[in-house]
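In the two complexes that follow, chain A is the common piece, with chain B as its partner first and chain C second.
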Partner chain A sequence: MPRYELALILKQMQRPETAAVLRRTVETLMERGALVRDLENLGERQLPYRMTKHNQRHSRGTYFLVDFYAAPSMLAGLLDHLHRDVDVVRPTVLKKDAQVPNSNCCGPQK
Partner chain B sequence: MFQVIGGRSVQAARLLAPRSAVLVEAVRGRKSRTDPVAKSKEGRIKVPPPVDPVEMVVLKERYTEYKLIMRALRLEFKEEVLRKKYEEETGSQAEERARQEAEEHRALMAWNNEENLRMLKARILRVQKEAEEAERKKIEAAIQREQEQQEFIKEKEREILQLQEEVKNFITMENLDQRIEEALDNPKNYNFAVDKEGRVIKQTVLQ
Partner chain C sequence: MLCLRELQRWKPVLCRYGNTGVRSFAAAAGEAGRTEDGLVNMENPYREPQKGCVLCDVTVDFKNIQLLSQFISPHTGRIYGRHITGLCGRKQKEVSKAIKKAQSMGFMSVTHKNPQFMKDPNVCGIKHLD
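The block that comes next holds the complex of A and B.
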């Protein structure tokens, strides 16, 4: 199965609500037959520009990164679902390339 | 009435050397046979040209002599031509020449056959060598392919083992909450800076 990456921008919320959103997102993924590999938090930060979604203007958001394995046929449905979620500002699914060996520049900071 | 003449009779008539530029001869043109004769030609009687008997005799003798000589010369030349042709075909030289040509021909044919044999041998050797080469290459290619296949299988097996190791770290229903808490507690920062010497600096701070 090909490997995808979901770059998720969530609304500025309290911690329990963020946890709930993440939980239901991952559960949706698993219901649709995906195999979730890893979940990363890129922090709550200022958005590069103000984004409007669900009649709300957002200037700050939380970035999350979900690696998962999935069938290509379910991506459309998944994106549709995520667009309808009120707490999600912007969902983006990208394909993950095979990692280049011996590259030490693109890793997370310690 | 007068018609311009052309063709074979021209040469003979040209000897009469007419003063006019164009050779003309009397021929029924404007009038047909039933028309009456012209008034100016009523009493005309055709008279052949006068002949001097002495002159005639002399001329006749001279002409016979002349014609005799001319004919003799002509026949002489014709005979010479024929004789030459005959000599060419069935003379004494002809046999020798024919024999020599046959010799040459035989020699050349023999040489040709020699050449052919030599070429044949060379060709057979060459073809054999090429066949062996091709055989060897085929075998080598087969071995190569086998090896590559083996490599491929090994690679895939390695990948499978690696994945099996990684499966232990995947998110499932049970550790979902735990992973979410972990993720929320540890924000990661992938930003870095590079300068012209190639040093990587990972000290960027999140805003």
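The block that comes next holds the complex of A and C.
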């Protein structure tokens, strides 16, 4: 199965609520047959620009990164679900490509 | 016919550099890679090692906004061109793509540079007036 990365920006909330949102997001992923590999917290920081979502203006948010394996057919449904979630400010799913080796980059050959 | 005779007259002048005849060609090429004129075939000993761009061994990621912010203007947030950053073709494309990705995903600002990164060292060859 191809490997994807979900960059999730959550609304500024208390810790138990953030945990609850993450829990239900991962459960949604698993229900749709995804295999969650890794969940990283990139910290709570000020957003680079103010984002409006669900009739709310957000200026601070928490960034999370979810690595998972999934079938490509379920991505559309997943994104639709995430957009409808009130606590999620911006969900983005990216494909994770295998790293191209830097051996033939310009520069001194080691 | 006449011109042939004249060419033969000029032959010793034109062929100053030793044995230049079809007969001696095979013999000359045989010994230690020397050309007919006596020059040795070798790689340029004064050749400098190929210089790489600044990001030669660095992986470019959309999450690393500090690195990406070094290649945008602090005033307008515009991405610098290749003639300013000095990056090779591949890396310039990677940086450009990563910046656009980060901007659309809500990691990096579009119109300005994050004030936290204003004090970073200047990698690009651009000097601002202020």
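Here is the rule we use: the second predicted complex is superposed on the first by the 99 of 110 C-alpha atoms of A that agree within 3 Å, B and C clash if a C-alpha of one lies under 4 Å from a C-alpha of the other, contacts with A are read in each partner's own complex, and residues count from 1 in each chain.
The rule we apply is simple: a residue touches a chain if its C-beta (ideal position, glycine included) is under 8 Å from a C-beta of that chain, and two chains touch if they have at least 3 such contacts.
Bear in mind the structure is a predicted one, so any value in this text is a computation, not a measurement.
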One more residue to check, A:V93. First (chain B), second (chain C), both or neither?
neither
Comparing chain B and chain C in the superposed model, the one touching more of chain A is B
A:V36 in the overlay: touching chain B, chain C, both, or neither? Say first, second, both or neither. first
*In the superposed arrangement, does A:L22 touch chain B (first), chain C (second), both or neither?*
first
Notebook entry, point to check: Counting only touches as set out at the top, which of chain B and chain C does A:M13 meet: first, second, both, neither?
Noted result: neither
Message: Contacts for A:Y49 in the overlay, against chain B (first) and chain C (second): which applies, first, second, both or neither?
response: second
> Counting only touches as set out at the top, which of chain B and chain C does A:L75 meet: first, second, both, neither?
Replying inline: neither
Shared chain A footprint, chain B vs chain C, residue numbers 42, 105-109
So, in the complex, the side of chain B touching chain A is made of residues 166, 169-171, 173, 176-177, 179-181, 183-184, 186-192, 194, 200, 202-204, 206-207
The chain A residues in contact with chain B across the complex are 15, 18-19, 22-23, 26-27, 30, 35-46, 64, 104-110
Per the touch rule above, chain A residues touching chain C in the complex are 7, 9, 42, 47-49, 51, 61, 63, 65, 89-90, 92, 94, 99, 102, 105-109
The residues of chain C that touch chain A in their complex are 49-53, 56-57, 59, 63, 88, 90-91, 101, 103-111, 114
